[in-house]
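Look for chain A in each of the two complexes below; its partner is chain B in the first and chain C in the second.
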Partner chain A sequence: MGLCQAQLITNTLTRPALPQAVTDHAAAAAAANTSPDLDERVKEAILHAHLLDSYQRRLPRVLDVVNNQAGSSRWTTASRKTLNYQLLLLLDQVEGCGLERQLVEDSSTTLMLPHGNRLMQMRHDAGYLLSSPDPLPPMATQGEVLAASEGEDMPDLYPLSPFSNCRARDTYPTEECYAVDSPHLYPHTIFMHHNQPRMPHTEDVFKGMSLLYAFSHAAAYAKLVQKHSLGDLDKPITVQVVHINGPQYHLGVFQLNTLNLAPSAADKPVRNLFWTQEWETLFDSCKFKAGRGVLEGYNPKVFSLLRGLHAQG
Partner chain B sequence: MHTHRQDRAVPLKSIRFGLVPQALLAPLHLPSAPLHQDAPQDEYSAAPQYPPILDTSPVSKRRRKQEEWHQKSKVELMGSMWVFLGHSTVQKGFGIRRGSNSGHRERQSEMLTTPLPPPQRVTTCHQTPHRGAEDDGAQHASLLRALVLPPPDDRPTLLGTPFAQFATRTHLQRELPEGYYGEVWQEAEAAADRVAGQVEQLISLNYNTQLSRCVVGGVVDLKPRIEAYWILGSLPPDNLLKKTRRGLPWTKLMEDDPMERPIQGYSTPTLGLRVCEGLPEVVGRGEGLAAAGEVPGNDLDPRSFMFKFKHRHATTVTGSWPSEGKQYGHLFLHTLDHEGRHADFYGSHNLPDALVHKAVVACFTQAHAHASYLGFGPVTELTYPLVQQSAFTDGRRWNTAIYQLNTCALHSEKPVDNPHNNILWLSEEEELFEGVDGDGVKGLNTSLLTSLLAMYLKKGIPNPDPTPYLALKHVANHPAPFEYREDFHKAYLRLSSNRPKHRLKPELYLWEKIYKVDFKTRPYDAPRRFFEPHYAQKDPGQERLDEHHTPYIPKSLRLESEKKVRYKPRINTEHLYKYD
Partner chain C sequence: MASVRGVALLGRRLGCLTLGASPAWPLHAPAPSLQPALLVRSFNIYHIDRPKPSDKKNFRYTVHYPEDGQYTVKPLKTNKLGGRDPETGRLIVGTLGGGAKRNYRWIDWFRTGPTDGTFLDERVINVQYDPNRSARIALVATGDNLRYLLASDNMKKGDLIRTSGYIPRIPVRPKEGDAYPVGALPQGTQVHCVEIVPGDGARMVKAAGTSGLVMRKIGKKVVVQLPSKRELALDPKCMATVGRLSNPTHGQQHVGSAQRRRWLGRRPASGLWQRKDGYRGRKIKPLPPRAGPRTKDVTYSQFIATKPRKKSSKHRGVLSKL
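== the complex of A and B ==
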């Protein structure tokens, strides 16, 4: 579902770029990064994850009439979470603030929230969930949030409802859980591995997914760990999200200000905020040529943005 | 006396009957020097040097042929371990017929023939298939197609541990070697103090411990795919082989001789750590435990230990394809997932033995796969030992192990008569912590934590010549044409994936066995099957992977100058610059 639809479901306003703190740190890191060694190590990690990993499996048959991706081999080394893991290791070494953070793999979060007169359930599995003993600082102050909530309008999908492609069920499990059940750890970054060999979605849908995942984890943490009631939050919860599909990286920062998802027009509505930017490509192609792995079009901006995200909190 | 008459022709008139002139008998042109030539002076020596006296018995002749192939497999001439791996594994198969590329055929535009490069001085790569001791019609004798698969290392079998040790020529020591971590112990203790708090947090959250985040300069593989194959000799012959030998006059006398079988091993670690330099040896390769360690013997067929025959390509993979860089396996973490199933089948009192079985198979496979990447392998013996560390854990209980690979060639009589043996040091089971409750972690075992950190921190030593038998380190450096390297690489990856084939294995149906083999009662059937003699008969087990039709080039995609070339020319795999 697209970004507008996700905004309406999660009562969120979007910003066209990442927060200043992240971009500043990324720019500083890129400028100060005089060691080509780091770029080489990132490239090595990419080559290893995409080409040299000897895991071979048959990919599922996907009929994509729109993009017409016929002809490519189904037996490939799909890049699993290996690249992300290598990059996380590198980030830890480079930034040095991550030694106290905990990493969970294949976490699962289930959450049920009312949206107006509907009850909605979200079940999201994150590839990696990075948790930190310190919470992320809010990227927008209370005043900014209120100003934005009053000043900006939510997108309008009329005559469609934001739940138009959601399935209503009469029987459903009612268990709710947040992936990391500890009062000492706050959510820091969520990594989603899309990893489909042929991406059937547009960029808008991609962004919408990132927003939904960020929201579900932040809201699950607020509701289940902090045991917050369904209303405005005193202290906003900030969560970062990195959504990856092969070489495409979509980064976002989400600030949860309220769990009231369908405020009526009479109340002063408080909205959640989502900073995001267009997706960035980490590299153009990574292929074998006559037995040697060749990486083309490496983009160092992505790693510096990841460093910017990693350094927060 | 013989005179030279070459310049004077004798007129026919002067020939009288019965008397043929000397000139007519002598050749017309005689050399002025004597007919024999002296050898060059440097070929003469004071004492006569006779060639070695060779044993001409069939067994010795076969042995010499094998040795010749083993020497060729040393890859000095083959150029790269890729080529070695490819040529040792791509010899046999059921062929890749045109159109059976799993439905994946590239357009020919990228693969049109280019003008041949000028012939360079190239080293030739022979593709002589390795013949086992029995290759005369035994149905599963096709070397690399019929592998004896052990159960995967996460399924140890009952009473299979001594055989696993025999098959890998491993001596088992029940504790870690003393003093191996001496130089990193203090560093490890300091690190243990620093991370103890985080480790406690980790444990209390029930995670897999993330100690790998401390190591700098290594590459971490998550669930690497590690496979290795080797050829195990000194096995007692099975009944089918004995029957075959009895039936042929030149093999009758060696009916009870030991046989050898290829074995494919697997290792399934959860985490693998690779670094640039290999670990130092624990004991010297020719001394002490490495030369005199006890290894159990074996009198039984591998099938007694739940080994199964399976037709598949032999693969050797170390978790990543060959590349420069960090290739030495440093540490492998395994889980104890096998315990549930093993306890259900065989009882929980057999679990310690199961761990040893798993450790032996997994450690040998890991080390052997890496040895193959370095140019050694099932027929090429190591020149220096390879050391790797492993740990088997379920989070709370830990068993650490160090494995030193001293010998990787175990064919012919080598499992029994070998100056070296491999050693596995396996520690006793220790607990990292006693339990977790509301207050936190109880009883963190800091000495175990220190020894685990020491395993991570142990440094490797540089090796000046790690690949003595590899001339070129990578197939991309080989002087063969680009097209050949590209095709070879793709073919190698395709074979390693062991994907299902389109064609079934040739099968002798029961009715054919009755009516065509045992009691030949179908004289009017043309003898065209693989077991019937005819002009195009080919033993399916001897079919080579380069015996296949090449793809068809449509007319629109042919080069202007080569409109008559209907099929893509096939590069001769022996002489890489010629086309068949």
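== the complex of A and C ==
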């Protein structure tokens, strides 16, 4: 229900893999990886962020349902963000094209859009928002977008509506804002962090969240910074999203083609596009064993995909 | 100790009193519920209003419904009552208490459907466990709303169930999980969650594995047989859901241990059957024959009456000794 519902809300079609440009660059980077110390540096970054960081934060009390006791280890390092930051620094060093990009931490974006005859408000806080002075190139041409919009069907949730389980409110704040209010910077990548030991949601719901975050930032930029009217966009806006939960990484690329979210069947509908793939695990476990920090099951594919994403734009 | 003659005299005098239909109390006495309890023990004639287990109140827990009163699918917090009346605070049921905490899932008992011949379609999202009842509950969704219903036996994720309030001339072909008015169902349909008063919500047949039966139609009423084999004559507009309820093997499962009974919120009872508590009748039966041989024991002989008793003249029995 997660991804299908998000698709219907944002008028999006999905693709089962990341776009060609990203995967090509990732494969090339992986193949030409002559410096093995790059992997070592990534592993070091993971160890540092998870085990060796001296900052500790107390977690709220959580009842462990399986063992019927309150969570025994309530201290944790602020690992996701530091790891992310370290990886971003590494990426900048390796790829070298992100020197003029700007990073904003804990940004908040609020957006109100009509969906058919209903008004919806999206309020999303991104962990990191990477903006660049050059826009990301569109991953699908105009022709491809129109062909896909006409050819493919949206998922059918009958009898549920796309806003199932969304509570309607009579009073709400009407302020809208985009995180980086500058016409010179385009959104590049959005990083979202979660740190839940047991995933309460399924993978599908996670993908839906990634899509919603990507959409809200792209649409907020189009509506608030570019001051675009609600309708089809001349120049599509492309945004990348990285959704992190513990060692799991979910990567996606979103192209905003239209702000008309509920087109009637009479008009030629134009849909937005979302390239995504299944979860990738960066590592299996990173714990202290016999007094030493040990990282097990490192997956180099994730870093190469991150390089592929970073190199765009 | 009164003599026999005295008792007989009293009986004759009481017989002279006429016992009319009106009570012997003065007409303007206060209501029985306000009279002190002592009076009940002396004159066990009048009904005194006291809380009882048959009051149909919930003596197990109180549910904290949301303040705005809106239906919600989130589990609601409860406070356990331990067998006490929620209003007076008195202990009514002594065997309730303890047990695991339960969050209350608010079940929607109202399967109202359109009366113009169309259907309300709902998708079953999940069939899950509910600690507050023996049957399983189904999370269903339509449009923007999610709600809980009691799950029927073969209901599973992804099913589509229908509700209709229309009574056609020819009875519908019922499908399990759908809800129709009782008047629209053919004879012999298994039903559950039956309304008694149209529009008042499901009241009958809610336990795991049970089902009622639509027996016959008489005049303007439909006769539905409950699992206890008792029959109800219902207004044809009363809604009922087709099929039998989920978890049919619930009644065959054993609790297993005294400890598990405590987890389920039941305190120890005094046992099912108490021989001499007076609720199962006085057992009048002849004494068993005297056991053992009759011996002339030196130590025992002084207590045995060897001489025959003198027969007394008229009055025999116990009272003659007095």
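In this section, the second predicted complex is superposed on the first by the 297 of 313 C-alpha atoms of A that agree within 3 Å, B and C clash if a C-alpha of one lies under 4 Å from a C-alpha of the other, contacts with A are read in each partner's own complex, and residues count from 1 in each chain.
Simple rule for what comes next: a residue touches a chain if its C-beta (ideal position, glycine included) is under 8 Å from a C-beta of that chain, and two chains touch if they have at least 3 such contacts.
Treat the numbers as computed from the prediction; the structure is a model and nothing was measured.
Colleague: With everything superposed onto chain A, say whether chain B and chain C fit together or clash.
Modeller: They fit: once the shared chain is superposed, the two partners occupy separate space.
Colleague: Looking at A:Q86 after the superposition, I want to know if it touches chain B, chain C, both of them or none. Which is it: first, second, both, neither?
Modeller: So A:Q86 only meets chain B here.
Colleague: Contact-wise, after the overlay, does A:S164 reach chain B, chain C, both or neither (first, second, both, neither)?
Modeller: So A:S164 only meets chain C here.
Colleague: When the two structures are overlaid on chain A, which partner does A:S182 contact: first (chain B), second (chain C), both, or neither?
Modeller: Only chain B; A:S182 stays clear of chain C.
Colleague: What's your read, chain B or chain C touching more residues of chain A?
Modeller: Of chain B and chain C, more residues of chain A lie in contact with B.
Colleague: Does chain B (first) or chain C (second) touch A:R292, or do both, or does neither?
Modeller: After superposition on chain A, A:R292 lies in contact with chain B alone.
Colleague: What angle, in steps of 10 degrees, lies at chain A between chain B and chain C when each chain is taken as its C-alpha centre?
Modeller: Apex at chain A; the opening toward chain B and chain C is 90 degrees.
Colleague: So in the superposed three-chain picture, is A:M120 touching just chain B, just chain C, both, or none of them (first/second/both/neither)?
Modeller: After superposing on A, A:M120 lies clear of both chain B and chain C.
Colleague: Can A:M154 be said to touch chain B (first), chain C (second), both, or neither?
Modeller: In the superposed model, A:M154 contacts neither chain B nor chain C.
Colleague: Report, in whole Å, the shortest distance between any C-alpha atom of chain B and any C-alpha atom of chain C after the two complexes are superposed.
Modeller: 19
Colleague: For a test of understanding, state which residues of chain A touch chain C in their complex under the given definition.
Modeller: 1, 158-161, 163-166, 168
Colleague: Would you tell me which residues of chain B are touching chain A in their complex?
Modeller: Those residues of chain B that touch chain A are 82, 102, 104, 198, 201-202, 205, 207-208, 210, 212-213, 216, 219-225, 317-321, 323, 325, 474-476, 482, 485-486, 488-489, 493-494, 496-497, 499.
Colleague: Touching residues of chain A toward chain B in the complex: what are they?
Modeller: Contact set of chain A toward chain B: 44-45, 47-48, 51-56, 58, 71, 73-75, 80-82, 85-86, 88-89, 92-93, 98-100, 102-105, 180, 182, 184-185, 288-293.
Colleague: Sort out for me which residues of chain C touch chain A in the complex.
Modeller: Answer in residue numbers: 73, 121-123, 125, 141-146, 160.
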